[in-house]
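Going by the order they are written in, the chains are A, B, C and D; count residues from 1 in each one.
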Amino acid sequence: MKKLINSPDTVLDDALAGVAAAHPTLKVDLEARIITRAGGPSVGKVALISGGGSGHEPLHGGFVGPGMLHAACPGEVFTSPVPDQMLAAAQAADGGAGVVFVVKNYTGDVLNFEMAAELAGDDGIEVATVLVDDDVAVKDSTWTAGRRGTGATVFVEKIAGALAEQGADLASVAEIGRRVNAASRSFAVALSPCTTPAAGKPGFELAEDEMEVGVGIHGEPGRSREKLEPAAAIVARSLDAIFADQPLAAGEETIVMVNGLGGTPLIELYVAYADVAKYFAERGVRIARNLVGNYITSLEMAGASFTVCKADEQMLALWDAPVNTPALRWGA
Amino acid sequence: MKKLINSPDTVLDDALAGVAAAHPTLKVDLEARIITRAGGPSVGKVALISGGGSGHEPLHGGFVGPGMLHAACPGEVFTSPVPDQMLAAAQAADGGAGVVFVVKNYTGDVLNFEMAAELAGDDGIEVATVLVDDDVAVKDSTWTAGRRGTGATVFVEKIAGALAEQGADLASVAEIGRRVNAASRSFAVALSPCTTPAAGKPGFELAEDEMEVGVGIHGEPGRSREKLEPAAAIVARSLDAIFADQPLAAGEETIVMVNGLGGTPLIELYVAYADVAKYFAERGVRIARNLVGNYITSLEMAGASFTVCKADEQMLALWDAPVNTPALRWGA
Amino acid sequence: MDIHQTRTWVRSIAAAMDQHKDHLTQLDSAIGDADHGVNMQRGFTAVVAALDGYEPAGVGDVLVKTGTTLISKVGGAAGPLYGTFFRATGKQLTGPVADAEQLAAAFDAGLAGVQKLGAAVLGDKTMVDALAPALEAFGAAARAGEDEATAAEKAAAAAETGAKDTIPLQARKGRASYLGSRSIGHQDPGATSAALIFRTLAEVLKP
Amino acid sequence: MDIHQTRTWVRSIAAAMDQHKDHLTQLDSAIGDADHGVNMQRGFTAVVAALDGYEPAGVGDVLVKTGTTLISKVGGAAGPLYGTFFRATGKQLTGPVADAEQLAAAFDAGLAGVQKLGAAVLGDKTMVDALAPALEAFGAAARAGEDEATAAEKAAAAAETGAKDTIPLQARKGRASYLGSRSIGHQDPGATSAALIFRTLAEVLKP
């Protein structure tokens, strides 16, 4: 294992110290392990709070700032955070209008956020939860814990964050978050595994000519393991899965993200985006907005995830609203 | 070699198609292989043009836009572009006030830009060149082609680009670019090599417990090969080299970049940035502005580079000026 | 089981998690995300620290403190689930000692808490597959008038069998469920840590 | 050397670069950035395409076209340098044929162009270390009244020796110079491609 770290045990604390030093717009509570806006809570506005295991940076800390999250709770690498963090975040971020927990659908995240919601409720903070479950690699059935939450998290946080910034109430912010999630689908393919500092060994193994199709953000195995394919075939496979789950008709508008899993050069993400654009063009489906880059990573895993949100006018308008965070910034 | 590409021969063209599809603010001439601002030249303003081998994304195409570059010339992966590209870029971007070529100091880049400058001159376009040579891993002596141009390129492009945007003349824009370069130093350490699509094999080999100290952006060997060290030691080594070359006194102001080489997770860059901040704090040297992320990469190489610019007030003001490019955006 | 034994049990769990960290992580890397060993070790290390200097009034206090600490320090699926198990168990045990029957009833409440929270049933390939048979064995022994040492020994054996028996199962809960049929053939990490917890109890109570 | 032979020469260089691409890239990966083979292959493939249907008035036109195309298509250090070599050489050869002495003088102009542009001198561990001895041998043979086939054969041998002799040198120019003393012990890729170019010339001119 080769990592630019000081010790596997201190990765999260060290990184949080770095975030604190790098971003004067953020406030990092090293004790409580939460990242909030330096400006404090926005009085009278709903506060969006998210969190999850670390190792997916810039998610979530990189999305804290005006127009997006109010607070992020980073867990240990690939381990969901604990209720204490979420409670501290709710207390620090609540501006009196309640908080929305944006929760990726993993047993650990769900259970910990559930406990935190209870604690925050006891504390007099109104809590609504938006569960993100966009990964079509997992077939939702009685056989699974449900779909995993992946790339759509970025869309939910941006769009619901924009509505919260405009002063909408708790129910409305949660509602748009749920609508964005319901309109979004993701699919990921890994070309190489990743290694958590604590484990010291790759979470899975892939032969030199193999790829993991439908991989999860913790490197959980996906639908199948296949021979490595050209980018266009990987894109087609991923978008086929997405379109099969949520058909999109010619003329419909979307927001599309081609996201690097951490170890994939940006030039390759652009290669993939060209194939994505072609796939959409062939079907007459419009890509109204896009993101190409590393937004929700899995440490140094090579590969990409694809997220498609069928966007209505309100979503697009909120997408375009100003945002000022370390990882996503425009209009500010 | 595992890459998200369609063929080693088409990587650049495919990626440019992706850039074209992804960024409506850019205009990509797939024939001439240049990336310019969609809005065309800025009449009466100096145009900054840069270029170099591909594989360093977002450099340079990701820095095209208001407040930064007017055009970028991407060469084949790790191969400097050809004079035709630079000439086409000069013709497309010149707003009548001349163009500044920002050239990283590699024999290939220097020679090709030199030829292009001649051709552009023949064409009636005034050209000034800013040579970037900030990498202190290379001792400048009669034994080398001089220092390599690395991270300072981002600083030069941002700051000179901002001055050009304000309407300064050719000499002034070139002059601030040269001053930024003269005030900047970089040093990089690689934890793993990278593989160009055309070569199909890593450019160098590193044992599981080794790192390459002073590595170049094409994976050229650096000062020495050492046993892998903790982040704090790697940071100290790199900053020691930088400070030895350009001493910084307590109270002086700097712009600092901790740049990922492509395959290093962002969480590790923040770990390193914490150590950088500590190093500066111990010496009383101020980090007035910073960048932490992937700005000038070497495909999927793991590791980081550190760039320090001793910044004066004008540089800081120009740093803060609005910029609107795919990879660097604020105030817009 | 008295307060001292309860403390010893929890400390011994911490030692066991230290020792089996890599094994648990390895099991979790096959069908999960390779953190179960680290999670459990981090949690029980924190528990040991939290118990240091803590003055419990009863056996239950130790267990409630253990559960609360696990919830605060572990994260993931295991944190809230084991946290709830110890908290719910501890809440039943108000006295300074607990006999086999009291323990059996308390453990049952712990398992009920786990199942209420995680909704896993027997055969879903989770910690429940070790906990449920363990508690059944413990309860049967207690009802038959056996002492807590004997009951714990039987529970440990049942938990170990339960953990082994997760191998052929397809996971229906937690991260392993994403593998579908590919989860078959691997032992569940959570069931394995549950078996360790009961093996430790048996050792601590052994006369 | 007539126009047809000149075309054949350039086409044969393209074939040689195809064949030796991996070797050149491997040499460049030891002390450079692993692209010299690909660069040369890309360049000469483009040259062959550019010459297709091109009607040159003289030997020099073929070489000027070759150089111009290399400059437009190769990039890196080798593009401008080899481009200049062929352009500057070609500019000297206005007739439909060139004899050994004319070729010698033209090649010298080519090398002068390379050295003016790249500022490398003998011993810097660059293509100059193959080109210079090659041209010296070619010139000596021409002055001695040998025909161009013999001169080319001698040039090729000298270039090959020159390329081999770069092995113990420390690079002072180009990317390899960054290695300092670590460049010692490796053969320079550009010197190696230069030797290939003259070996090809010898083969094409062989009666």
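Observations
Everything that follows uses one rule, which is that a contact is a pair of C-beta atoms (placed from the backbone, for glycine too) under 8 Å apart; a residue touches a chain by one contact, two chains touch by 3 or more.
Keep in mind the model is a prediction, meaning the values are calculated, not measured.
Taken together, subunit C and subunit D share no touching chain. Subunit A and subunit D have Cα centroids separated by 54 Å. For this pair, subunit B with subunit D, the centres built from the Cα atoms lie 32 Å apart. Between the CA-based centres of subunit A and subunit B the separation comes to 29 Å, rounded to the whole angstrom. Within subunit A, residues 77 each touch two or more of the remaining chains.
Applying the touch criterion to all chain pairs gives A-B, A-C, B-D. Per the touch definition, subunit B reaches subunit A in the complex via residues 2-7, 11-12, 14-22, 54-55, 57-58, 62, 77, 191-192, 208, 211, 228, 230-232, 234, 262-277, 287, 290, 292, 294, 297, 299-300, 302-304, 329-332.
Residues 25, 29, 32-35, 38-39, 42, 71-81, 117-118, 170, 172-175, 177-180, 182 of subunit C are the ones that touch subunit A when the two sit in their complex.
Residues 53, 75-84, 106-108, 111-112, 114-115, 137-139, 142-145, 148, 196, 198-199, 201, 203-204, 216, 218-222 of subunit B touch subunit D in their complex.
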